[in-house]
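Please go over the structures that come below.
Here come two complexes built around chain A, the first alongside chain B, the second alongside chain C.
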Partner chain A sequence: MTETTVASPGSPGGSPDKAPPPGGGHNGLGLARFRDLALVPAILVLIVVGALIEPAFLSADNLTNVLQQQTELSLLVLAEAIILIAGKFDLSLESTVGLAPALGVALVIPAASNGLGTDLPVALGVPICLLIGMLVGAFNALLILRFKLSAFIVTLGMLIVLRGLQIGFTGGQNLFALPESFLYLGNARWLGLPASVWICAVAYAAGIVTLGYFRHGRAVYAIGGNADAARAAGVRTDRVMWTVFVVAGLLAALAGLLMTGRLGSVAAAQGDGMIFTVFAAAVIGGISLDGGKGTLFGALCGVLVLGLINNILTLAGVSAQWIQAIYGGIILIALMLARLTTGKAQD
Partner chain B sequence: MRRGSTATACVALFTACLTLTACGSSGSSGTTAPSEGGSAAAGGGKVGIDFPRADTDFWNSYNKYVPQMATELGIDLMPPTNSQNDVAKLVSNVQALTSQGAKAIVMAPQDTGAIATTLDQLDSKKIPVVTVDTRPDKGKTFMVVRADNRAYGEKACKFLGDQLKGKGKVVEFQGSLSSVNGRDRSEAFAECMKANYPGITVFAEPTEWEGTKASAALQTRLTQHPDINGIYMQAGGAFLAPTLQLLKSKNLIVPPTDPKHIFIVSNDGIPQELKAIREGQIDATVSQPADTYAKWALFYAKAALEGKTFAPGATDHDSTIVDVGGGRLEDQLPAPLVTKDNVDDPNLWGNQVK
Partner chain C sequence: MMSPSAIPAVEARNITKRFGATTALADAGIVIAEGETHALVGRNGAGKSTLVSILTGLQRPDTGEVRFAGQLAPPLADRDGWRRQVACVYQKSTIIPTLSVAENLFLNRQSAGGPINWRSLRSRANELLDQYGVAVDAGRMAGDLDVEQRQLLEIARALSFGARFIILDEPTAQLDGPAIERLFDRMRALREQGVTMMFISHHLEEVYRVCQSVTVFRDARHVLTSAVDDLPHDELVAAMTGEAAAGYQARARTTSTAAPTVLTAEKLTMAGRFQEVDLTVRAGEIVGIAGSGSSGKVGLAEALVGLRVPDSGTVTVNGTRTRPGDVASALRAGLGFVPQDRHKEGFVPLLSIGENATMPIAHKLGRFGAVSPSRRRARAEKMIEDLAIKTTGPAQPVQDLSGGNAQKVVMARALADDPTALVVIDPTAGVDVRAKQALLGAVEDAAERGAGAVLVSDELDDLRICDRVVVMFHGRIVKEVPRGWADAELVAVMEGVDAR
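For the complex of A and B:
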């Protein structure tokens, strides 16, 4: 009985869960589908523009590059999107991107290479890295869910603390001497595509299916739409939210791992400032900051739009002085295009 | 109600992030223990020093040299502050230092415009200021201690131009154009290339000193132009590892004799760059002098307290004092080009770091 209200609507659009206004339910379902595809026209336009500017744009190599360069961002956006849909915030993800691999590396490399001197077995490095991500997520959840602190302020504090920790125990050094296991995922190619692209594809597919069709996934929308109603309807809101925060931390650590492999070092400022872009991609992709609305596919489109714009600007050789203005301008145009093609007001 | 509170949250997010971009980048550490070396302060008066940041290899080395050099020079050094690459923090740190009795200030303002009013205030209190690494756009300074950043760009350009024999395609990772050092290096490199090696095409990539941006730009550019044969990176600390990792994955790290070799020139001179030169992964770097930065900044601070004055011209330490306009003096320290031939020189600061 209780499950039906939460789990039955098969559409991944999300709005049916948000207590549809009387009479508007049917219409909302149709528009929800459109919202999913809102950015597709913008992506098509970008591809055409890119091809006109530079023939090399359409080469398989270049398109693979675009995907690979966006993998870390897309994992963070996936994490942030789930949290936003559940009606919370997590700003600390960008610091986890730096801290998790830095700590994982520092615990296994010798002190001579700026390690901590613990010299744990190298095989433990990657599991430690992922574990740290989950611990950070769990700690956020503890403060937000158990102690009822504001998600915004808690994760803002964590953003600063985690970055400070990383700089503290690495002494502000970049870590260069990385074990092979840290480099593997960021560099390997599976079936002709970078491993990181496959990882992202699997993560998104799992996310889309879970949030669209499984009970616990639908519960995330219900909580974001109205947490009290969800609890009244029998959803174990706290348990779902704990899972969401821990999964988000894990995804952020994984993103950090991929970035470490791709760049061949853990920079002291790794991930710094990324949360801006993460929010931009999520919101462009139709995730509502109010919670309860938006889809992961939309968020993925947001990531692709940003990646394509970056790639085209580089190919076109836009001068350093103007690149930011043009970048921002194109994002605005893409949003307007999405507004025009769906005819739906954005929020 | 709900909508209202979320909107407030969004505004708060935005403002919070604005202030955070700077402070998020660097935590509070690296400020070494207070130096006790200078109890016999020669010129009288304490010297306050602010470190610009503690999250890059170069500045960490500088931060380590400062207390050491203060002891050698017999300076009464106050516990250093760290402004974490944030001009607002720098201003408040300087105020704290002066209220604690600093008679001279050493700083390295990374934002060279916004520090002007602070310099005016210090001037009105008759507190001499020595700036390291950067030259403030406006305001009075006793001395600017700085490597000639235009020379970095020119040295890199000449090295690449000669190695490529005036022909080819070069990718340049520009630093942030809002910093004077990034601007100087970019301008000098561009001018020198245009004047001396018109056969070389330069792709200037804006990176804001970020390794991810450089890596993405290089990857894209190599797909577009597979025949790229030179790279100039304006900061080895930020760009070295990402560049090498990308070239490795494309099997492009080959000896200079191979026609596929990409000639790489870097700036900074951190230990990892020297190692990469020894291993033949990159070809040259310009060593930015962390040790002499610390030494001469403190030297001039002490000299200011003792009432000494300086005039433009050659100095006794292989550098030149230049009048950069309005009577402002700048001691332009030499920054040697390091190649395979002199990479083992023990005088390079990169060889002295453990």
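For the complex of A and C:
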């Protein structure tokens, strides 16, 4: 991890507010590395706090649990972070989390169990689920890139439409009669850890390497920083953006699949309300809403911070009625702290 | 120089390009011979930058064709094909502020396939910067560079492609004297290696210094192409403007010593930029600040308006001490300013001319925070007329204006509130001969209305409208000269040759 952060000049540049005098300052990399690790102390503090509040916190079971619970959120944050770095937005990811598995399931289960009656081969369920995520991403890209609509409005509309579709064809019912293939990834354990944790780790590793070390990944930063300049340098900006949206849709569908497996059903409200947490984690992790800045490692740290807070609140026995308000309040405080420690305005 | 039968290195013929109602190019063209440095001149909005974007494959002409060495240009989608033919320093910055200098240099070619080796990328970048004499560390964020460094970076990048044809769209507009000399030295060296160049500038004397031939555009059309030696300065100006040339005559003005002071700086200090600067500007007076690029003059002016936070010292506008680094408080006290980097601080590109130009006076155009569109329109139309901004109307986004016309919008904004103190930095950067007169005239008008102005400029011609010029050297004011100075005298002090 340190390798990446040391070497990646794409992380937000360290500058004192104004340009240093000519000749002075070779601060770029030093501060960038520092910025990237800014959340690590916070994570350590949270772990200590957790251990003090409840000794069970440090048990392998609980920590594994924290990780597993965060896998879905972290995949969404990964997707959102890439889109944000490219200078766009996607609010509809949370609805894809519900719609993609719901449609995948409904197409393969019999009508008697709330299926659509198409009875497609069960083996197609999971591929369909992932494909739907990609199609949603492609449709977003079509509206935003081809028809030049505002990403904010388009994806806000999609958020509502996709959720509505899911409620429409399931009749607002949860889907319980899930084929085995939908349950596997959310439950399996590989080498002693939940499969979903491995999947997440691989997804992040792939993302960090691609965005840090490959031309096409760097193009994402270039587009977010100055799209015209990227185009002039020969970056096929539209193609990169299409890919970004489609990959994001795929990741959202994957997150939905993991959640489905973990919970053993597809709830009508699956994913509902996650997008605020997704943005919060990304911003706490140092991703700029203006595009072009931030690293995936930072975003991952943002997820971990939120996951630990959530877990500590639960272990501390905060009443279920209050947990939402407290969690939201803590996120706001975390945003303020992130602002202070990074010393730069969050735009 | 070349035999008439030789195939030209670059030719664009019968190019027409429309943007909605605007015709940017009407059946215009250019032919550039192998190995020459060819100037393209014309007033703001004549279509020069549009031709550049067509010659570099960023835009498709509505009609017409582009050829390199007789071969039809590659299709628009083949960016690499274009980049092998032509490299370009565009008028609008194409530096990505959130990436490092090294990555900007090697944007989209960070590695030859396979993962990027950042260490070697940085050392390659440092080598390249050394080679072109650019004193910038490749590890820095490009956004932290100043205007000049960013421009040098841009030039180094364009040259590094090894293309045999290079376009420079107003590269000198924001550089100071020594930097321009270095650029010209580089251009001459390239020419000796047989590189063909197209050079755009509003400084006609530069055209005479580095170019062999010149093409003039006027109102989207090709007017003439000639060897520079056969075209005297006056005829060139006449071709550009369509009327006989007349130099700008600075007006006579007398400032009484009894006039109230409108802008003072006391012991203003910012480490590494300027030290203990005292400056007093009276109503009705224009004070010039001259100095080389490292003299700190721009930093000083930016500190006066609150764009920079000085370490110590005070700024007083109309008797009110402004809070350091607080632009709004300076504006409230009656200050107007034209920043150096118009793209960064000058305007909001997507908003219309009307909105940009009336931003400081929005509160006066309506009540309770509402802005009356008709009054805004009226004000904006007046500004467009006063400064002769070439546009389809106040509703056009500033982004779509040509470079020089965007600069006029920035000036319009500075003047919108009838400021009593005015700070203008490089107001004529990228502005054509005639527009320059309009902009300098606007500053003089403001002085006649009783405003006090500070004018920072690299152009000796601009400084001629000043009642006195203070010269800075290494962050200190070393000399003050009254109106009527001689060029040589001023330049000597600026270069530190004569700092009596």
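Heads up, the rule we're going with is that the second predicted complex is superposed on the first by the 294 of 347 C-alpha atoms of A that agree within 3 Å, B and C clash if a C-alpha of one lies under 4 Å from a C-alpha of the other, contacts with A are read in each partner's own complex, and residues count from 1 in each chain.
As a convention for this text, a contact is a pair of C-beta atoms (placed from the backbone, for glycine too) under 8 Å apart; a residue touches a chain by one contact, two chains touch by 3 or more.
None of these values were measured; they are calculated from a predicted model.
Student: After the superposition on A, what does A:Leu263 contact: first (chain B), second (chain C), both or neither?
Tutor: So A:Leu263 only meets chain B here.
Student: Just checking: does A:Ala233 make contact with chain B only, chain C only, both, or neither of them? Give me first, second, both or neither.
Tutor: second
Student: Touch test for A:Val48: chain B only (first), chain C only (second), both, or neither?
Tutor: In the superposed model, A:Val48 contacts neither chain B nor chain C.
Student: When the two structures are overlaid on chain A, which partner does A:Ala138 contact: first (chain B), second (chain C), both, or neither?
Tutor: After superposition on chain A, A:Ala138 lies in contact with neither partner.
Student: After lining up the shared chain so the two structures overlap, which partner does A:Ser95 touch, if you call chain B first and chain C second: first, second, both or neither?
Tutor: First partner only.
Student: Mind sorting out which residues of chain A both chain B and chain C touch, each in its own complex?
Tutor: 291
Student: Which residues of chain B touch chain A in their complex?
Tutor: Within the complex, chain B touches chain A at residues 2-3, 6, 9-10, 12-13, 16-17, 20-21, 23-30, 53-57, 59-60, 174, 177, 186, 203-206, 210-212, 215-217, 219-221, 223-224, 237-238, 240-242, 244-246, 248-249, 272.
Student: How about chain A: which of its residues touch chain B in the complex?
Tutor: Interface residues on the chain A side: 54, 56, 59, 61-62, 65, 68-69, 72, 89, 91, 94-95, 152, 156, 159-160, 163-168, 171-174, 176, 183, 186-187, 259, 261-265, 267-269, 272-273, 275-276, 279, 289-291, 310-311, 314-315, 317, 319-321, 323.
Student: Under the stated contact criterion, what part of chain C meets chain A in this complex?
Tutor: Interface residues on the chain C side: 56, 58, 79-80, 83, 88, 90, 92-103, 107-111, 113, 115-116, 118-119, 122, 135, 137, 139-141, 143-146, 149, 271-273, 294, 308-309.
Student: Considering only the defined contacts, which chain A positions touch chain C in the complex?
Tutor: Chain A reaches chain C through residues 7-10, 12-15, 17-29, 209, 212-215, 218-219, 221-222, 224-226, 228-236, 288, 291-293.
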